[in-house]
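Below: a set of structures, written as structure tokens.
Next, two complexes with chain A in common: one pairs it with chain B, the other with chain C.
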Partner chain A sequence: MGACDKCIVNRGARDQSAGGVEIGPGLTNTDFTVALAGNPNTGKSTVFNNLTGLRQHTGNWPGKTVARAEGVFTHRDRRFKLVDLPGTYSLLAESADEQVARDFILFGRPDCTVVVCDATVLERNLNLVLQVLQITSRVVVCANLIDEANRKRIALEARVLEHELGVPVVPTAARRGQGLDHLTEHIYEICVGKLVPQPVPVEFDAELERAISELATELEREYPGLACARWLAIRLLDGDERVEEAVRSGELAQLVIGQGREDRGYEARLTEGKS
Partner chain B sequence: MSRSDEILRRAGELREQVGPGLHERISGALYQQSAAVSHASVRITGKARVDWDLIADKLLTSRWLGYPIMVFGLVAVLWVTIAGANVPSGWLFDGLFWVHDKLEAGFKAAGAPWWLTGFLINGVYRGLAWVVAVMLPPMAIFFPIFTLLEDVGYLPRVAFNLDRVFRWAGAHGKQSLTMAMGFGCNAAGVIACRIIESPRERLLAILTNNFMLCNGRWPTIIMLATIFVAGSFSPVWSSLAATGAVVGVTLIGVVLTFVVCRVLSRTALKGEASHFYLELPPFRRPDVLRVVYRSLIDRTIFVLGRACVVAAPAGGLIWLLGNIHVGDASLMAHLADALRPVGWMMGLDGIILVGFLIAIPANEIVVPTIIMGYLAGSQMTELDVSNTGELFHAHGWTLMTAVCVMLFSLLHYPCSTTTWTIYRETGSVKWTLWANLMPLGIAIVVCIAVANIWRMVG
Partner chain C sequence: MATTMNKLQAGQRATVHGLGMQGGLRYRLLDLGLTPGTVVERMMSSPSGDPTCYRVRGAMIALRSDDAALVEVEV
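What follows is the complex of A and B.
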């Protein structure tokens, strides 16, 4: 291969295979795992590059992050592994990208998930935020491109948004490095358990709510302490094959709070399956 | 019945109970809540201004203006590249070949044997100087401009415009993004094909990425267009004429991509194009300084480095071929003689084919190899674009030769790095062979056709 090893695209590909093989030292010798989710074109890769100091190529189109990139940053003497997930609009797993992002947030059980949003078109981005919040409460919303929003005279009231979502919101302008120190501080607080967000649930119509809570209760009886029973119930109602499979195989047991978090076997399989 | 089966059964029952449109009700609730949250926390402080994004989108993706704007953009980028690269290329030539003469004189004065001077100075150094002088200026202009277009957000609009054509070709609309990557480097373009989910469409995109001129071939096409096409126009129009020729070659590659995809979609890779969503992202003001810096460091210097790594030994090899004699002629002459009949049929000659063979590791060195092949054994050392033309004319080149070389360069086969990447991405020897033999077959047929028609008409 030789000549093109330095090529940006190849570098990404190699990182990916390394992520799958090197489960021992290096990248995994970290204290916490942080997932970076978000719609395409929100500056996700810029946030990633700025935090990790890596120079992954950024681009203004979907599919730019073909491989799952991983990097490390340090804050308050703790080492955080940052996993850049493919940019997606939703987590309903309708495409390979969405499947990868969702499986990582669900089964990879990151200690914190950062959802990067485009502050200029926040409403469009909230759809993904709400879906992530149904899976995990350990979330920081990064309202990126805040400088551009200001220029377009769009004012974001971060405190109100925090209240509405129930998770911390950090306005950032990643291209200029603004707000990223606040972001890392919030990530740290969530990882060490200093901050325990209480996300606001999504409300459905009464009929749907009844079905969801009944199914969720059944799931919780089978798996006491299940982290996101409500979300799983919704997915089962919707006929999500991947989740049905997880119920059948007993994989859901992994999601019970208090089960060894260091079991990252799933992550390895995920990467292998993808490449 | 196990507990998990019971849960699944209950889920099925409840699904029946909650009624129809479940999926829509779930996403509806999500959208409603998104709207409510956004309404509470976002305020529009300014007056509603003119929505420039919307206007720009309407123009760039309009039915009538979309294509002309794309072609005009291509012409503009290439024209700036060609017109802007001429002068610095000349300076580099003068400077590097001045050093060449000094080095040669120095070696002679120091009493170095003729073969050492020949191998190092007339071989390795000359090859390097050529590649740097020809490639550096156009790349230093082309890459930053292209990266700017990327960063502004124009590429997804191109994908949007071309979607209908891809549908016609039975290929995936996202292929236009992989093609754009191919303009930089085919190996990168092939890897980018991972964004296409369907294996069939992905293979189509991989097999045809070769038809996108990569940075190794831009300089070849630009140089030949400058010498042979621009040469027949007045100075005022010459760079525009050269641009026209380069755009023409580029468009042939694009059109051929669609045709080949369509043929493959109906034969070896049967199937329909699949649907996909593509958001037109908001236009972004790019960080110009950073883009220029990054594309100079990450792409220009890297690509140039790769070219030099290949050019240095290739220069030495060519010098050896030209100076090791077997019987009454050099190795180069023997090789060129053997290839001459095939070359003639395709409107080329033996040396040109030797050039393409030696340049398999990197297309960048095709023209330098040809020139050094012609010069092997001769005393002529000083070269710039104008007497390169004289050299070519002296070896029987006509406009037809130049056109055939440009077409062969566009079509022939991917470089060895790209071939290796194709093998890695497809995991199949068969498709890797296909990716090489199919373009080679097309290149031979096209060149033979062009040469014969040209000779009949002319």
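What follows is the complex of A and C.
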């Protein structure tokens, strides 16, 4: 055990099989779990550090967040566990990073997912936003680096984008702490159910929709309690080998069982009257 | 005129027409914003000429010549 054991990057590499790295004190007894997703290099870790007060490494290179790091913040007397996922362009799991991010959003059942976007190149970030919206509606879009965008004379009409996506859009400049109070308020509202986003659905043609719903029904029958049957059906119809393999090998069944465990925790919190 | 992305000259713009590949690389390029109808502009090449940098939706991406040769574009 060298000095580098303290280094989150190395600990992450070592603990990856354990599913994540916990940093910071008091990760138990949180009321809600919030996932932080986004393209590489959008300032996710800066948002993470600013909200949790931790010093997770930030840096301008890809693959920096090697596994998920976790921290806690408090807002309106509720404790939120914040999970910083690796930066990805996609949730199609072509790499280990994408798989970590995808599996957490699918089966970690976060109470809210924040998708951090680079406001200077917002368009190319919206691909990931739409992919996340196919899995969960409990999403806040964080349009980060808004200060840089403004410097480049890019104006963001957050209300228009909100309307088109059907989920809240919060402009932030995390480096300066700008907009983060709005972000935490939206996270809070989604977690407690005060705000129920209604994402504008991505619909396919009638024939494909019929195939998706048939397959999704089969999946739900096979795996009772499966939360993301529609998404998995779409992936299977697209010929996603990873998802096929997960169904065939029984990995999916294991993930659904794990998901059930998270669910019981959530119900326990409800009965405690915390929600 | 139909051509492939690797054949663009520096500064030349074109519109993506289709992706002539399947699987992981196809997803990757779609995720990076190379969907049909997208305008791309060839920027600079590395000293050896490969990879080459392209501007896509406001961002710069580097592609190997072999991969860019599979992206059909309309000039």
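We take it that the second predicted complex is superposed on the first by the 191 of 275 C-alpha atoms of A that agree within 3 Å, B and C clash if a C-alpha of one lies under 4 Å from a C-alpha of the other, contacts with A are read in each partner's own complex, and residues count from 1 in each chain.
Note that in this section contacts are C-beta pairs under 8 Å (C-beta built on N, C-alpha and C of every residue); 3 or more make two chains touch, one makes a residue touch a chain.
Quick caveat: nothing in here was measured; it's all calculated off a predicted structure.
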(request) For A:A253, select first, second, both or neither according to whether it touches chain B, chain C, the two together, or no partner. (result) neither
(request) Return the chain, chain B or chain C, that is in touch with more residues of chain A. (result) B
(message) On the A-aligned overlay, A:E203 touches which partner chain: chain B = first, chain C = second, or both, or neither?
(response) first
(request) Check whether A:T120 is in contact with chain B, with chain C, with both or with neither, and answer first, second, both or neither. (result) both
(request) Quick one: classify A:L161 as touching chain B (first), chain C (second), both or neither. (result) first
(request) List the residues of chain A that touch chain B in one complex and chain C in the other. (result) 89, 92, 120-121, 123-124, 127
(request) Write out the stretch or stretches of chain A touching chain C in their complex. (result) 89-90, 92, 94, 120-121, 123-124, 127-128
(message) List the residues on chain C that touch chain A in their complex, please.
(response) 24, 27-28, 30-33, 56-59
(request) State the interface residues of chain B toward chain A in the complex, per the touch definition above. (result) 3-8, 10-11, 14-15, 17-19, 22-23, 25-27, 29-31, 33-38, 40-46, 49, 150-153, 155-156, 159, 174, 177, 181, 185, 187-188, 191-192, 194-195, 197, 277-279, 281-282, 284, 287, 298, 302, 306, 309-310, 361-362, 417, 420-421, 424
(request) Please name which positions on chain A make contact with chain B in the complex. (result) 1-4, 6-10, 13, 39-41, 55, 57, 59-63, 66-67, 89, 92, 95-96, 118, 120-124, 126-127, 129-131, 148, 152-158, 160-161, 164-165, 175, 202-205, 207-208, 211, 214-215, 218-219, 222, 233-234, 236-239, 244, 247-248, 250
